[in-house]
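Below, each structure is written out as structure tokens.
What follows is a pair of complexes built around chain A, which joins chain B in one and chain C in the other.
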Partner chain A sequence: MTMSMTKPDRISAARRIAALRLPGRDARLGLLLIAPIVLVMGALVLLPLVLTAWDSLYRIDPMRAGTPFIGAANYINLASDPEVRAAAANTMWIVLLAVILETVGGVAFALLLQSMGPVRKWLLAAIILPWAMPSVVNSLIWSWMFNPSYGVLNAILHGLGLIPAGYVWSNDRTAALLIITIVHVWKMLPLTAVIMLAALQTIPMHLYEAAKIDGAGPIRTFFSITLPMTMGALAIAMTQSTVSAFNLFDEAWILGGASLDTRTLLIQVYMSAFQNLHMSYGMALSILVLIASLAVSLIYVARRRGETQGE
Partner chain B sequence: MPKSRAIQPKKIFKGLFIAFVLIWSLGPIYWSINSSLMQPVDLLAQPPHAVPPAPTLAHYTGLLGLENAADNATGQSIWPQFRSATINSIVTAVAATLATIVLAALGGYAFARLHFPGRNIVFGLVVATLAVPGYTVIIPLYREMIALKLVDTYLGLTLIYVSAFLPLALWMMRSFFSGLPVVLEEAAAIDGAGRMRILFRIVLPLALPGLIAAGIITFLSVWQQFGIPLVFSPTAATKPLTVMIPELASRHDINYGLLNAAGILAIIPPFIVVFFLNRFLVQGLTAGTGK
Partner chain C sequence: MTISKTLSRTVAMTALAIGLAWAQAAAAETITVLLPSFGADAATKALTEEFTKDTGIEVQLQTMPWDNIRPKIVTSMVAGTAPADVIEFDWSWVGQFGAAKWFTPLDGKFDQALVDDMPTAGVFVYDGARLGIPYANDFRLHSINTAYLKQAGITDLPKTPDEIIRDARILKDKKVVEFPISIPLSATEGAATAWYFTTRMFGGELFDKDWNPLFTDPASPGYKALQWVVDGLHDGLINPAMTGMSDQETTAAFAHGAAAFDIAGHPYDLAIYQDKQRSTIPGLAALGLTGADPSTLRTIGLPEALAIPVNSEHKDSAVKFIQWWADHQAKIYTAVAVLPTRTSALKALSQDGQLVGGDDIAKYGAFTQAIFAQGTPPWYSEFSSAASATINQAAKGQISVDDAMKQIAARAQSAMQQ
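Up next, the complex of A and B:
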């Protein structure tokens, strides 16, 4: 259509393209389009975030009169609170175990998927399914399978002679934390597998062919080609594993409730604020959890920003 | 005797691994379906039945109000509770998904194509909140919602969900828009189309796969929420399935058949997404991970 343009046509076309880049018009439309986003995010995330940090320096407790400024007292008390320490230790164990299992399992699942033919799509769907399910439902399904009297996994493990009859997992802290971690890994491992599968698919085939010609075995090939080529994706997968395990709430709440044996940091925040009504004490703890979580995600965000810089 | 017929150990290993992956991923779901179809008395068998000896749909018909099945603990029909929880889950998930998608599409286009002051700072701030766990702001958010009288309302929940899941959707949409060739938009501008016309007639149709991917990720995220409604949905007015179902288990007399049936009904939407919208889901999950 541009072929038959007359001269004035061409001029007005150039003008219209220029209009696409008119700074004034763009600016007004751009600000209009993002206004609702700024409003929602500002009111519901940024403002509460600032309030959390601010209020954590006061004593806000509906059970006590006044809201005096107490400086870092909440933070100092947190450091010596045995409940907080127990919750922090529980969270650390869950994070450690979950990241190891999700990374090793996720990479193994991704390698398997990569080696599959046309049925890959269906196997992938089966693998993703637990990720898509509500963690509450997952927790209830697993707790039924680990039911001391009627659970199928208890029956199998008892049959193998690994546990006594009627074994109650929640009676032992290690066992209870292990079950919570397994339920969490069941849900989150698929994400690592999907991220790693996407990365595996970007490795050029000729690298593998060259390795084969050079006589490299599968293990050697994995460590000198597959792993180095997927390092970035692996870092992202591990970061998201860490952050999601760090912020674990649902599984521990359904399986262990308020029990100190399995209480995670976020359950501790929930308990202080909504059960014991020590509002600002809970806020101080959530600020600490945020800082720890941010420290971990920093690698992740830095990487993502690095990728978009080129645009 | 034809050679090369021998089964290689490598193939056996792979077969075993596939079997393990399938049992690990689908086994618990199978077991839940199995339990949901059993008579209460069969659930207590030792060892457990691998298939229901006398299958029954009683738990499902009870939950869905087709039969007068009662909650063991209270003796009342479970249907009204289950119905309102299902409606609440659907309403909040659909409303939050639509709102998120609209804001992410418009905003994503603005961040990708339009130049305005503060563009990078605003985008950076919004995306940075991806690293903020929702629970960090839950206490002041609760007080804010009380002040606005939005606790236990669809509007309040929807707003919270949008603020939680918009950053990822926005990120995805901006990436999609940035990946589209500008030439098309310039050609439309030559034909005299304005910005909004270009957005709705040319850009959005091309970005449809991205829009669907962002939509289903948002929908699944809202559908599975537990912590937020635990705080913000204290009554049946907005209480979703994820909060209502565990309440069935906290009674002294737990009916595991009923519990499993409720869980299976709650995973129907994720199941549909995984098996019918798989392509978009994988695209959404890997968006922005440096694929």
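Up next, the complex of A and C:
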């Protein structure tokens, strides 16, 4: 008995082959709808990124004639620049502390909001306020509160006997970095809380009921049900925390200025490019900052992907 | 028919009038002027309106805090657009912006007599080209709260840095003021220029003619100057909060009685101290200058100029604006307290009794010298930010004066090689 295709079979096969070459109508519509944002992202994000990376291989300095190709010279010089190393150390310190505080604090606030019932919406609105405030305004207000002469926080802490009168926070590197981190966390923690709250609300209630019947306490329930079910959202929240901490500028500039104690990588980029007019040097540093923040973020995403594939 | 003719004539005349007005408006040139905020924007605007009345050239005035002007210039020029037709041009930008060829040479556009009347005109010459005409005079000298000195029984103003320390100790011991000396120590330009000034107080220079650093030797004036500040902090004579204060904040604090000596004050601060709206010490402040050798007093000049970006499209009108501003320096001083750069204007104001502290300003202004005799180098910005950041570290006790001087010298030499 020979195998041969009937006419309907041939038509069906033809259609399947055609479908591989051209997307269907729905897919085409989808592509059309996302085309504007792809174009905008390409023009405003991808293209500048590619140009920056390309230009970082040249010497672009308005004070010197020509723009010769110098290859990786900028990157090599960055590695031995003591100011860049100081800025990198400050930035890593802030990133580590900010991610921990925002994650732990964000999850805690989300759990609190989840348990609030009808009052939740008012508390949510209050928590969102710091995030809605511009970073510069936020930082200025905190700088006034920590002012050694008239700051309200200094007055309260001195009244409690915790600090001497006229304590200057910025004179101690650890205290200065801690304050900058706290101001940044104050602003960004609400975003983590909102992301986690949304994830918490997708967890089916019957899982908690079953856990209760089985005799699981709140801590066991959190680690066995809540945390695993919100891992995806947690990865997203930690990614945004990491990236925003790596890109910290406003808080460090307002509270510490160009001081080496608190100078972050983005402040160093600004000073290299716009103060010292070593444009491509600043570009090279900004590329390195991008790579570092992506590398750290990928750790969360890859781990989450690994867990998903293992399920 | 008659009505129709009248109506036609009326419409024609109206159209003609509108057309002429439009043509006149189109013909009137408009220039943009970017200046720092002198704290009197309405008065500055009124001055530009006078210029318009005199010349017919319209002015779009933009004012902003001084620290924001440089980033605006850099980003605009890198993008290929002029930030304004006439802009503020600080002495510290001459090397960098001159090397970048961002400004129009003004040689031959102003009378030599005008230039000769401005002792600081030479600061704005780069590679033989005059890039700016100075409009704001600035140098450093001490502001002294004479009421505090009187309260402590000190009858004579100090003449040397050591006498300042001596008097500060008396003021502190007698509890007249907690921190008698103020000097900006934050990582800002004000801290760097304060160090340059105190180096002059100790009778020295920062670099030799070949740009070799002169401040790494403990016996050098630059080294002694920073040691003097650090010792003052250690002895409780300088407020530790100075590590977070710019020069403007230091002036404001002095105006409210926070110190007896503002080491790196400005000549125009006296006008602030006399103003009851901005000061609690009107009539109590005096100007002074000290030196390790009181017979050879020296100070540093930090003038500002008006300049024209190379890509300005209204260069001729911009020159007229600069000329007008130079011709009316005395009037500008009375309006917005910008200290004249012309010797003739300073003398006229002093003779009329309109220059607050005029005699002292004229007296100490005569000791002004450029910070760099060779001209401001292109690497000045890197040197200045390294100097201010390092001074800030030394003031916080994070590094020794010896390490600080070596660090600044190393950074200067690295910047020179780039």
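The criterion applied here is as follows: the second predicted complex is superposed on the first by the 248 of 311 C-alpha atoms of A that agree within 3 Å, B and C clash if a C-alpha of one lies under 4 Å from a C-alpha of the other, contacts with A are read in each partner's own complex, and residues count from 1 in each chain.
In this section, contacts are C-beta pairs under 8 Å (C-beta built on N, C-alpha and C of every residue); 3 or more make two chains touch, one makes a residue touch a chain.
In this text the structure is predicted, and so the values were computed from the model without any measurement.
Asker: Quick check on the superposed pair: does A:67 touch chain B, chain C, both, or neither? Answer first, second, both or neither.
Answerer: After superposing on A, A:67 lies clear of both chain B and chain C.
Asker: Quick one: classify A:199 as touching chain B (first), chain C (second), both or neither.
Answerer: After superposing on A, A:199 lies in contact with chain B but is clear of chain C.
Asker: Between chain B (first) and chain C (second), which does A:259 come into contact with in this model arrangement: first, second, both, or neither?
Answerer: second
Asker: On the A-aligned overlay, A:279 touches which partner chain: chain B = first, chain C = second, or both, or neither?
Answerer: Both partners, chain B and chain C.
Asker: One more residue to check, A:148. First (chain B), second (chain C), both or neither?
Answerer: In the superposition, A:148 touches chain C alone.
Asker: Tell me which partner A:173 touches in the superposition: chain B (first), chain C (second), both or neither.
Answerer: second
Asker: First (chain B), second (chain C), both or neither: which does A:271 touch?
Answerer: A:271 contacts chain C only, not chain B.
Asker: Overlap of the chain B and chain C footprints on chain A, residue-wise?
Answerer: Residues 149, 274, 279 of chain A touch both chain B and chain C.
Asker: In their complex, what parts of chain A are in touch with chain B?
Answerer: Touching chain B from chain A are residues 1-2, 13, 16-17, 19-21, 23, 25-31, 33-34, 36-38, 40-41, 43-49, 51-52, 55, 108-109, 112, 115, 121, 123-130, 132-138, 140-145, 147, 149-152, 155, 159, 186, 190-191, 194-195, 198-199, 201-202, 232-233, 236-237, 243, 246-247, 249-250, 253-254, 266, 269-270, 273-274, 279, 282-283, 286-287, 289-290, 293-294, 297-298, 300-301, 303-305, 307-308, 311.
Asker: Touching chain A in the complex: which residues of chain B?
Answerer: 14, 17-18, 21-22, 24-26, 28-29, 31-32, 35, 43-48, 103, 106-107, 109-111, 114-117, 119, 122, 124-133, 135-142, 144, 159-160, 162-163, 166-167, 170, 175, 178, 185-186, 189-192, 195-196, 220, 223-224, 226-227, 231, 241-243, 245-246, 249, 256, 259-260, 263, 266-267, 270-271, 273-275, 278, 281-282, 285-286, 288-291
Asker: Can you list the residues on chain C that touch chain A in the complex?
Answerer: Touching chain A: residues 70-71, 74-75, 77-78, 96, 99-100, 102, 186-188, 239-241, 243-244, 378, 381-382, 385-386, 388-390, 392-393, 396-398, 415, 418 of chain C.
Asker: Taking the touch rule as given, give the residues of chain A at its contact with chain C in the complex, in rising order.
Answerer: Per the touch definition, chain A meets chain C at residues 62-64, 83, 148-149, 166, 168, 170-173, 256-261, 263, 271, 274-279.
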